[in-house]
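Below, chain A partners chain B and then partners chain C, in two separate complexes.
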Partner chain A sequence: MQDAWLMPAIPGAAFVILLLFGKYLPRKGDWLSIAAMAASFVIFFPVLADLLDKVDTEGFTGGGKSWEWISFDTFTIRLGFFTDQITIVMLGVVSFVALMVQVYSVGYMKGDSRYGWYFTCMSLFAASMLTLVLADNLLLLYAGWEAVGFCSFLLIGFWWEKRSAAEAAKKAFITTRIGDVGFLIGIIMLWKQAGTFDISDIFQFAAAGGYDSTYLTAAVLFLFAGAVGKSGQFPLHVWLPDAMEGPTPVSALIHAATMVVAGVYMVARMFPLFQLADPVALDVVLGLGLTTVVLSATMGLVATDIKRVIAYSTLNSLGLMFVALGAGSTTGAMFYLFVHGFFKALLFLASGSVIHATDRQDINDLGGLAAKMPLTAAVFGIGTLSMIGIVPLSGFWAKDEILHSARDAESAIIYVIVLASVAVTALYMTRLYVRTFFFQPRDRQAREHAHDAPLLMSAPLLLLAALTLVSGFLVFDGVGEALGFPGGIGKFVFAEEAEAFKFSWEVALASTAVALGGLLAGFAIWQEDAQPAKRLGERFRPVYELLFHRYYVDEVYQWAINHIVLFAGSVLAWFDRNIVNDTGVDGSAGLTYLSGFQMKFLETGKLPNYALAISLGVIVIAILFLVLKA
Partner chain B sequence: MIPINDFLVLSAILFSLGMYGVLARRSAVLILMSVELMLQAVSINFITFAVYLSPEQFTGVIFALFVITVAAAEVGLALAIILRLYRNKQTANVDEADIMKW
Partner chain C sequence: MLWPAMTQLNFQWELLAPEFILVGWAGALVLLDLFWGSSAGLRTGRIGKEPLGYLAAAGAVAAALVSLFWIGDHKNFADLIDVNNYTTLFRVFFGLTAAFACIASARYVKDRLLHPGEYYALILLSVVGANGMAAASELLTAYISLELLSFSLYVLASYDKFDLRSNEGGLKYMLLGAFSSAIFLYGISLVYGVTGSTHFNAIGEVLKGDTSDIDMALLLGLALMIGGLGFKVAAVPFHMWTPDAYEGAPLPITALISALSKSAGFALFLKLFTQAFLPLIDDWRYFIAALSVATMALGNLVAIQQQNLKRLLAYSSIGQVGYLLMGIAALSPESASALVLHMIGYVVTNLAVFVCIIIYYNWTGKEEIKDYAGTAERAPFLALCLSIALFSLAGMPLFAGFATKFILFQSAAQEDLLWLAGVAVFFSFVSLYYYLLIVKEMYLGEPAERTRFPTPWLEYGALSLLVAGVMFVGLYPQPVYDAVEDSTATIFAAVEDSAAVSERP
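Showing the complex of A and B:
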């Protein structure tokens, strides 16, 4: 654990080298970025082993290393890296998926004009994300948080010559910034009372009753605002679907497996504070999570861009994680985060293979690709089934945990809604799969040259598919025990909860039933040329329109921007131009100029005038002198 | 003994005459002469105060000597300038030397 800081440091160093000398390196330095990521991933294992060693000692709450960062007389901020059981889950996901995605990118980005810059950004992203995960104080966490947002901005707008990409990058950055302001306010509120940014010190302070209950509730809600922005929860979810303008591996890494789950991770990390605060805080988390689940699942039904559908499924998954958190189960949320990292990255990378092979990404142009791309179809299928939650794939076990916590929540409505969302998820994921891989191709040209990706791109797909298949089994204590985790993964990671993983036939059967129902319905509706889907669309025209326009959320925001933000902006611009600039700055300069211009005519060049002026001046001074002296 | 006021009045009259000359005359040479008058008025003041107020010290008298010396040097310089002016403009009228302005 002492060496955990190397995990962000190595990609960080690679970033610096690539930024300065990337142009002169062979292959523009992609190997350096990948090697740094691999080194980071390798270091993960000693860190894990060290943690496993020490976790049994009495009173263990994690460990790490820290340096003095900023120091005033009595107040110091430390630069610290900290590892505990929750961190290790995130570390594993981030370092592994980042490595897979970078390897895949070598094939996907080949021949791009900014190939080197891509890997530079990727290194910076890995360094900032790992810093975010390992940070032991809120200030460093916030720095990592903003840095990943910045990388996301760079990579969404990677092809900035395309106007839509540039706009999407801007939208993502600004939308998440809105949440981030809240996050910063929350951090400052916590610091103001506790006098420290250190997370464990803040926990101690809070546990000792240092915060007033209302104050703490407000503070954690502000923290949650940051998570809402970063993790694309309603009402700040609008940026994530647009973020699909970036290269597909970027979507896999940043907008599926790592950065967007940073919000979930942050809430899980700060969970003791949420528990100490008024229950209202967790109700807000639950409510927004549930809203996001409903909105994203239904919007996924009508989206036609292959990546957008997966983006909606990501929103859906993130919503589920917040439902779990809101229901008080960090176990469910973190376990879902863990498996979601694998199968969602798999889905994105597989869809990247489809896009790479066909140059199309609208599912209306695809179809019938299964025969041409069997490997891609197979791994995509595994990812889809996992997302739907079919036993025994990892998604099933993780979703089961969340359904459990939803069932145990106060209201039965929550359970019903989550179950319904499982069915809808099955429906749109089936639609995506069927429309892409089965039946007749709608654009024959697209299918013509389609082929499976080369080995370099397929290997990460296969590894991720394998993990999607098996990672769910970690719920069984026996499996965890065999891997060296005392008492199973659940007890290890979530030692504070009495029963980490739960399982009941009732929930499992219910979820399997609705998932299979959705799956079969999907097959029935979107078979061949999707006539039933068209009929349904006609029949429920208003609903279709509503979904197609994404509940008009974007329109409402656009209206607000046009009428409120731009109006306020124009008032300020007027004030700035007329009062500050023209009157204040230009006005004083003009006054000086004008008086100088007028005064210069006093100089006539005639000697007697000067002599008179001198004489009068002396006389005036003499009179003044006399008067003042008297 | 002659009262001090007589000397001061004489000095003031001389100074005023000099000032009038400086302001009213247009010929550079006359202006220069008027300036000399003003300087000598000051010298008279110096000597008067030296004799009447602190007869045991020579400060004021020495100052007067300085003024005379400096005035002589200054006249040399000023006459040279006036000579240049006359060479260039064929006149010593200061009203016609007015191009040093904006």
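Showing the complex of A and C:
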């Protein structure tokens, strides 16, 4: 665990080298980026082994290494890296998926004019994300948090010549920034009272009752605002579907498996504070998570862009994780995060293969690809079934955990809503799969040249598919013990509360029933020519319109920006132009310039004047000395 | 006050090993130059003496490394020269500064100047003088060292003997230097007359206690010494030689004057005022503060008006002196450390700027700000490094200038000089304008041609080191701060030691 800092450091070093010398390296340095990521992933295992060694010792709460960064008088800031059971889960997901995605990208991005820049950004992203995960204090966490946001901005707008990509990058950056401001306020609030940024110290301070309950509640809600922005929760969810303008591997890594779950991770990491705060904090988490689940699942029903549908499913999944957190089950959230990383990256990369092969990404243009791309169809199917939650795929076990916590929550309505969302998820995921891979192609030309991706791109798909199949079994104590863990994932991650695996036939059967129901309904509705779907669309025209326009949230925001923000802006702009700029800035600048101009003539270039100045200086000082002293 | 007889003095000559190395090396360079090809060949560019520069740099580095041997020691040579952490810090610092100046000179001297052997020898001798100023424990040694440094620089400033500006700048520098040396010497004699000693600690001891009936001659002496040192560090109104000398001198020498001469001046200023005049701080601190304000104001405001990059840097360096004087006005262990830290950061940054300008001058022979239009396109690495250095000079976060200024301003604020820190922040803000002007020119200006410049690998290597230093101090100032704190602690410890001595019955 002492050496965990190497995990971000190596990709970070690769980033610096690529940035400065990338152009001169063979193959623009893609191998360096991948090698650094592989090294990082390899280091993960000794770190894990070390953690497993120590995890049984009494009173273990994680460990790491920190350095004094600044220390003047009483003002000290330490920065360091910290590993415990929650971070290790995240570390595994991030380093593995990042490696897979980078390998896949070699094929996907081949021939792009900014190929080298792509890998430079990827290295920076990996370094920032791992820093975020490992940070032992809020300041470093925030730095990583902002850095991944910046990478996300660069990579969404990777093809910035396309106006929509540039717009999407801007939208993502600005929307998440709104949450980030809240996050920063929360950090400052916590620091102000505790006097430290160190997370463990803040926990101790809070546990000792250092924070006033209302104050702490406000602080954690501000922290949560950051998570809302980063993890695309309502009402800041609008950027994530648009973020699909970036290259598909980017969507897989940043907008599915890692960066967007940073919000979930952060809340899980700071969970002791949420528990100490007023229950209203967790209710807010639960409420927003639930809202996001409902909105995203229904919007997924009408989207036609293959990547956007998956993006809505990501929002859906993120919502579920927050529901789990809100219901108090960090285990459920982290377990879902873990398996979600694999199957969602799989779905994105597989959809990338489809786009790569056909050059189309609207499902109305696709269809009938199963015969041409059997491998892609198979792994896409595995991912889809896992997202739907069909036993025994990993998604089933993780969703089951969340359903349990929802059922145990205060209100039965939560359980019902989550269960309903399972059905809707099954419906739109089936639609996506059927429309892409079955029946006759709507665009024959696209199908003509379609073929499975080359080995370099298929290998990551197969590995991720394998993990999607088996990673869910980690929930069983027996499997965990066989792998050297102290038990199933619940027992491992939260040893002290021993949140063991819960299983009840009632929940499992209910979820399987609705999932299968949704699946079959999906088959029924989106047949060959999708007639039932069209009829439904006509019948419920207003609903369809509402969903198609994404509940008009974007429109409302645009209206607010046009009428409120821009109006306030114009008032401020007037003030800025006339008062601040013309009077304040230009006035003072003119004054400064003028005084410099006047003083310039003191420098005459004549030697006697210089000597006179020296003499006068000394004489004035001497006289003042004598006068003041006398 | 009795001082030990000559026989009891400590004559450990090895304490001066770094200086011996420098002097010997300087002599060797002159001889080497003499027997290495002819000057005529040199002028036609047929026989390059570029390696002389690298040899000289090696000598300076060797002296710096040897001086590391006395880390943690408290030795004194013949009651004249201290060898302690303060001395060691400055020996290393001056040695490395001179090494960078030599490396930056190599190509410049080969192309433009005659007699490279003497040129490098004088640089090394100026380091001896600078070392002496930091190490001296009494006034006459300090004065002689100051003269050694100054004389080397007078010659170097007018080294481009076929250039009128170089002659003019060098001559003005020398005449005014002689004038202010006389002022400084007069100050020394007055202080000696009142206190009966030239040793810093002995003076400090005499001035201890009740200072209300202090002799007026002493204050006059103090005023004269402030004038002399003010000339050396270029504080307003003793600064007027600076723009002319900067503009006239060969570029690497401008770098050397702005780095070596200035920091040696501050090394002496700080040590003298800590060990000798600290008891009178309430009498002189407001004068220094006033000088500081005047220096900041004039340097930063007039810099805005400059079109020549060297003159701009001359005024910007005057502005920086204003900040540094705050450390003296607020004299305390913290502010002394902050001063030295800011000085180191400033010198490293300034060297980076000058290396950039020298490289550019070697390419184009131009040094007006408008000549830098579009440099980013023709030499992106140079433009990046120069921008980083300029941002650091302006005191932007991430770079050395921010961290060191922050600590310096904070230390001043702690000594009830919050208003002075406020003024300094204001002028830092003003300085952004002219620093950014250069950055703007480089990145937004239209280049005259679009061809890339050839890459000077060695200079770029030196530049990378300096920029890495700027970033390092900016992001992680702790190690340098600790080293500086160790060194300034020794001069304050000396004050307390002598206090302990005087309390003995």
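Quick note on the criterion: the second predicted complex is superposed on the first by the 581 of 630 C-alpha atoms of A that agree within 3 Å, B and C clash if a C-alpha of one lies under 4 Å from a C-alpha of the other, contacts with A are read in each partner's own complex, and residues count from 1 in each chain.
The criterion applied here is as follows: a contact is a pair of C-beta atoms (placed from the backbone, for glycine too) under 8 Å apart; a residue touches a chain by one contact, two chains touch by 3 or more.
These numbers come from a predicted model, not from an experiment.
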Winner by number of chain A residues touched, once chain B and chain C are compared: C
Partner chain(s) touched by A:G111 [first = chain B, second = chain C, both, neither]: neither
Partner chain(s) touched by A:A613 [first = chain B, second = chain C, both, neither]: second
Touched partner set for A:G478, first chain B, second chain C, both or neither: neither
Chain B versus chain C as contact partner of A:K629, first or second or both or neither: second
Partner chain(s) touched by A:P26 [first = chain B, second = chain C, both, neither]: neither
Contacts of A:E603 with chain B and chain C, given as first, second, both or neither: both
Partner chain in contact with A:S595 - chain B first, chain C second, else both or neither: second
Where chain A meets both chain C and chain B, residue numbers: 600, 603, 605, 607, 611
Chain A-facing residues of chain B, complex: 19, 22-23, 26, 31, 94-95, 97-102
Chain B partner contacts - residues on chain A that touch it in the complex: 600-601, 603-608, 611-612, 615
Touching residues (chain side chain C, partner chain A) in the complex: 172, 175-176, 179-180, 183, 214, 216, 219-220, 222-224, 226-227, 230-231, 236-238, 240-241, 243-244, 283-284, 287, 298, 301-305, 334, 407, 410, 430, 433, 476-478, 481
Residues of chain A that touch chain C when the two form their complex: 68-73, 589, 592-593, 595-597, 599-600, 602-603, 605, 607, 609-611, 613-614, 616-618, 621-622, 624-626, 628-630
